[in-house]
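The same subunit A turns up in both complexes below, where it pairs with subunit B and then with subunit C.
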Partner chain A sequence: MAETRLIRKDALTKLFEKTRQSGRRILAPKAKGEQAFFEEVTSFGEVCLDHVQTRSSAKEAVFPKCEALLRYKFGDKGAVSYDEKPFEPPVTVVFGTRPCDARSLAALRAVFNWDTPDKFYLEREARTTIISVSCTKADSDCFCTSVGGGPGDTAGSDILLTPVSDKEYLAEILTEKGQAIVALAPELFATAGGAQKEPHLAKVAVQFDVNELAKTIPVTFNDEKVWQEQSLACLGCGTCAYVCPTCACFDIQDEANRQGGVRLRCWDSCGFSLFTLHTSGHNPRHVQSQRWRQRVMHKFSYYLERQGMLGCVGCGRCSRACPVDMNLVEHLKELALHGRNG
Partner chain B sequence: MAVATSNIPNIYKPYLMRIEKVTVEAPGVRTFRLVFTNPEEAEKFTFQAGQFAEYSSFGDGESTFCIASSPTRKGYVECTFRQAGRVTSGLASKDVGDVIGFRGPYGNTFPLEAWEGKNIVFVAGGIALPPMRCVIWNVLDLRDKYKDVTILYGARTVADLVYKDELAEWDARPDVRLVTTVDPGGETPDWKGQIGFVPAVVEKAAPSAENSIAVVCGPPIMIKFTLPVLSKLGFKPENIFTTLENRMKCGVGKCGRCNVGKTYVCKDGPVFTFAQVKELPPEY
Partner chain C sequence: MEELKNKVRELLKAGTVQAVIGYRAGSDEKTARVAFVRQPDEADGLILDPRCTDNLAVYLLKPEVKLLGKLAIVARPTTARTILQLASENQLADGQVIVLGVSADGKAVVELASFEALEKFVGQVPAGLTEEEKVLLAKIEGMSREERWAFWQSEFARCIKCYACRAACPMCYCSRCIVESNQPQWIPVSPHDEGNLEWHLVRAMHLAGRCLNCGFCAKACPMGIPLNLLTQRLAEEAKAAFGAVAGGSATGEYALSMFKADDKEGFIR
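Take a look at the complex of A and B:
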């Protein structure tokens, strides 16, 4: 399936035009102050690829912060009826994701397609094409290579672009969805010749052995002291979950008036104390250290056992965004060490 | 750009159910009998003892309760709940004829077929009789398949006992041994049952562990002190069953909050043996 081509950077303007003309919306990193965020763009000129990483992930394209699961109307005498419309999410191209974000789709899909397929996620994903751009620079919070990814990793992308000169991208066309984009303007894609992507990729050092971590952290589960020390500064603000490309936990809430209402699904976080609070007042994870432990164990142990993959892609957003500087990699290294020492 | 819409069903869309009967069981505790508003859905619907569902008060949200009626009683489902928060208050304000949502059945089941030919001992406390009532009626409706049936049920006060009519019915049956108890001080002058906490009453009643299964549901404190008693009577952890509860939203392993370690109460449970519970981290 994979084909390799060359596309000139200045040809992307045309490709964006053609993509928009085909009825697809384009989400891409847009600069805002010192950071970049995925937003809808109308031309390539609005796109900013200068940042190592966008502040929040591209997850919203397939799993919006808040979305309607159903709408209902109240009738006479306690009657309720559904207000049903076909679910037709916009056909979308997400441009400028980093390979780690593209990889995160597999982790999201593993949850949303687990036994009972989730229409909302799967239909959005089916209508989404991912055009990633390889990383030519990384920062100290990046750790994709420690969790099986890499700055030029193709997993999850439909097209992966790697800048091979000031003027050109090497385009790896990886899926049928990717080919459909190329087919919009095939004249923009030239034969690749001998261009190689590897020399242009950022160097990201492996920081810990993830297989060892998976074996050692379950041993650490009951070591309350480690989790308490690591989470002492944690505010329980949930920022890590909101910027995370793989966090899939959600809340379901109703909003209604006398005529009817809507049932909404909204992002949630295991870092919030209300997340697990029972009506009786009992809370199975009643202190922040247990909630931090849940976050780490879920991504690096439970996910592996239940979904057969890690729940982390090493994008480093949680470490960058944490208001009290809790650094995930430092904590994982410490946990690996603790488990090893028993 | 047109893309064909697939036929994946909306797993979050509840069945619309009409309340056929409301029974006030105890202060703040109600039982609803629910029937499908769509007869085609009623036709296709099946469940098994132990499963749970998400019940909607539209405008308020969803709440998780077990199905309290037996799968042997066709044509309706029943749930029993205590009015406590926003959703249960919304539900409590509903009356016969009103429509609520029902999403389920979810979760695993009690292995009733494997229990055939055995004695069954039910131990319940307070509002934890509803998850067990489903199994009790299932066993009683197939009475020939099981040996001795013992029901030990306790509540704080006489007023807090739920299913009072059914307790009288079970008490009158020669093929059921029913022991009811209330906490000291919770009795009324005409109370004829035991007075004492559930673990002590279980010890006194001393059901035989020989060829027996125990089903235990109740507040954590009751379970904590009842398990050693059952163990002393000779019940093995793999023959003692319970149903766990944790906060849930989706009921199908996606919303991420009911897990106890790697175990999802909604998918792997809610029915567990105490041999399984012992292996769980203390997050329930």
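Take a look at the complex of A and C:
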């Protein structure tokens, strides 16, 4: 399937125009203060690719922070009518994702297509094309290579662009969705010749053995002291989960009045005490250390068991965004060590 | 710095406290993070420099931290004011915490074991907005009402309701926040425009005149929303209307929860 082409950087303006003309909305990193966020853009000029990583992930495109699942009206004598409009999310191109973000789609899909296929997620994903840009730089929080990814990894992307000179990107066209984008302006894509992406990619050192980790952290499960120490600084906010490209937990909320209402799905986080609070008042994860343990175990143990893949792509967002500097890699290394020492 | 480390070692060795909340080096050279020092030799890892800005008072009421035993805390003037404000709201008792007060220049460390000593300590450091903060506030004040509305709408649009602002705020200590109450549901839970606007209004109003302007909320916000501007503005408002400044005294009255027969407003009588 994969074809390789060259596209000039200055041709992206034209590609954006053609993409927009085709009726697709484009989400891409936009700079705001010191950070970049995925937002809708109308031209390539608004895009900022200078950041190692955006603050928010691209999951918003397929799993919005808040979306309406159902609208209903109350009629006479307890009658309820539903809004039967078909679900038609916007046809979207996400441009400028890093390979780690593209890779995260598989982890999201595994959850949303697990037992009951989630039509909202699946329909959004079906209408989304991912044009990623390889990483030519990384920072100390990046650890994609420790969890099976890499700065030029093609998994999950429909097109992967790698800057191979000041003026050109090597374009790997990986899927039919990617080909459909090329077909909008085939004249912009030249033959690749002998250009190679590897020399241009960032170097990201492997920091831990993830297979060993998967074996060792369950051994630590009952070692309360370890989890307590690691999470003593945790404030119990939801930042790590909300910036995480693979965190898929959500909360369902009804907002209604006497006439009718809407059922909304919003992001949620296992870091909140309310997340597991039962109606009876009992909370099976009543302290922060249990909630921190759940987060780590879910991503590096349960995900492997249940979905056959990791629930982490090594983007490092949680470490960068944590208000109290809880560094995930540091904690994982420590856990691996505890497990090894029994 | 040695002075601080020695003091921490002394307190732990003597068993006066079981843990000291301070700062240690973080993930990179620009970051400091909290340290919970429990052994005298762990004091070696403490740092005290311009990186150390987080308001550590947020940990004083965290259940897991309270379990460590009697606490001492490294406190810059803002943290010290926070402790007094918490005391005035009956969240801390006199003598419950030993404060290791750090002078404004970050050099001297003084042990403050009582609220009276703490009041004297903060009394020497002027509180209020910095020149930089005043300029930023004036910029927003200078906007027309429509511009200001548009400004806040675009800022709040990024809010993801992770509640890092609430978690980082030492004055947000309710065990159950109003946004988590659903019978009735006062505030929409969802992070849509209405839900975000109501959350930020409620947060700001609950902190009106109680905010110590430590800036931890804005620093914690992963989406870069300058929400401390709201509480700064309300602190100015509370000062103008009631002469109230947060964090000056352990017995201060909170103007917005106080009724007085001689109130200047007629509607309340």
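In this text, the second predicted complex is superposed on the first by the 342 of 342 C-alpha atoms of A that agree within 3 Å, B and C clash if a C-alpha of one lies under 4 Å from a C-alpha of the other, contacts with A are read in each partner's own complex, and residues count from 1 in each chain.
Methods note: a contact is a pair of C-beta atoms (placed from the backbone, for glycine too) under 8 Å apart; a residue touches a chain by one contact, two chains touch by 3 or more.
All of these numbers come straight from a predicted model, not from anything done at the bench.
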Between subunit B and subunit C, which makes contact with more of the residues in subunit A?
-> B
So, does A:Asp325 touch the first partner subunit B, the second partner subunit C, both, or neither?
-> second
Looking at the overlay, does A:Gly149 come into contact with subunit B only (first), subunit C only (second), both, or neither?
-> neither
Touching A:Gln253, do we find subunit B (first), subunit C (second), both, or neither?
-> both
Could you look at A:Gly96 and tell me whether it touches subunit B, subunit C, both or neither (first, second, both, neither)?
-> neither
Could you look at A:Phe87 and tell me whether it touches subunit B, subunit C, both or neither (first, second, both, neither)?
-> first
Which partner does A:Arg285 reach: the first (subunit B), the second (subunit C), both, or neither?
-> first
Does the superposition put A:Pro245 against subunit B (first), subunit C (second), both, or neither?
-> neither
Thinking of the overlay built on chain A, is A:Pro29 touched by subunit B (first), by subunit C (second), by both, or by neither?
-> neither
Which parts of subunit A are touched by subunit B and by subunit C alike?
-> 251, 253
Please give the residue numbers of subunit A that touch subunit B in the complex, ascending.
-> 22-24, 69-70, 72, 74, 77-82, 86-88, 91, 111-112, 114-120, 122-123, 126-127, 221-222, 248-254, 256, 261, 263, 265, 268, 270, 275-280, 282, 284-285, 290, 294, 297-298, 301-302, 305-306
In their shared complex, subunit A is touched by residues of subunit B numbered 1-3, 5-6, 8-13, 16, 19, 56, 58-62, 84-85, 88, 94-95, 97-101, 220, 245-247, 249-250, 252-257, 259-262, 264, 267, 281, 283-284
Interface with subunit C, subunit A side, in the complex: residues 32-35, 37, 55-56, 65-66, 140-141, 228, 231-233, 235-239, 241-243, 251, 253, 255, 264, 266-267, 269, 272, 274, 287-289, 319, 321, 323-325, 327, 330
Parts of subunit C lying in touch with subunit A, wherever the complex brings them together | 26-28, 31-34, 36, 54, 58-59, 62-65, 158, 160-164, 166-168, 180, 188-192, 195, 216, 219-220, 222-224
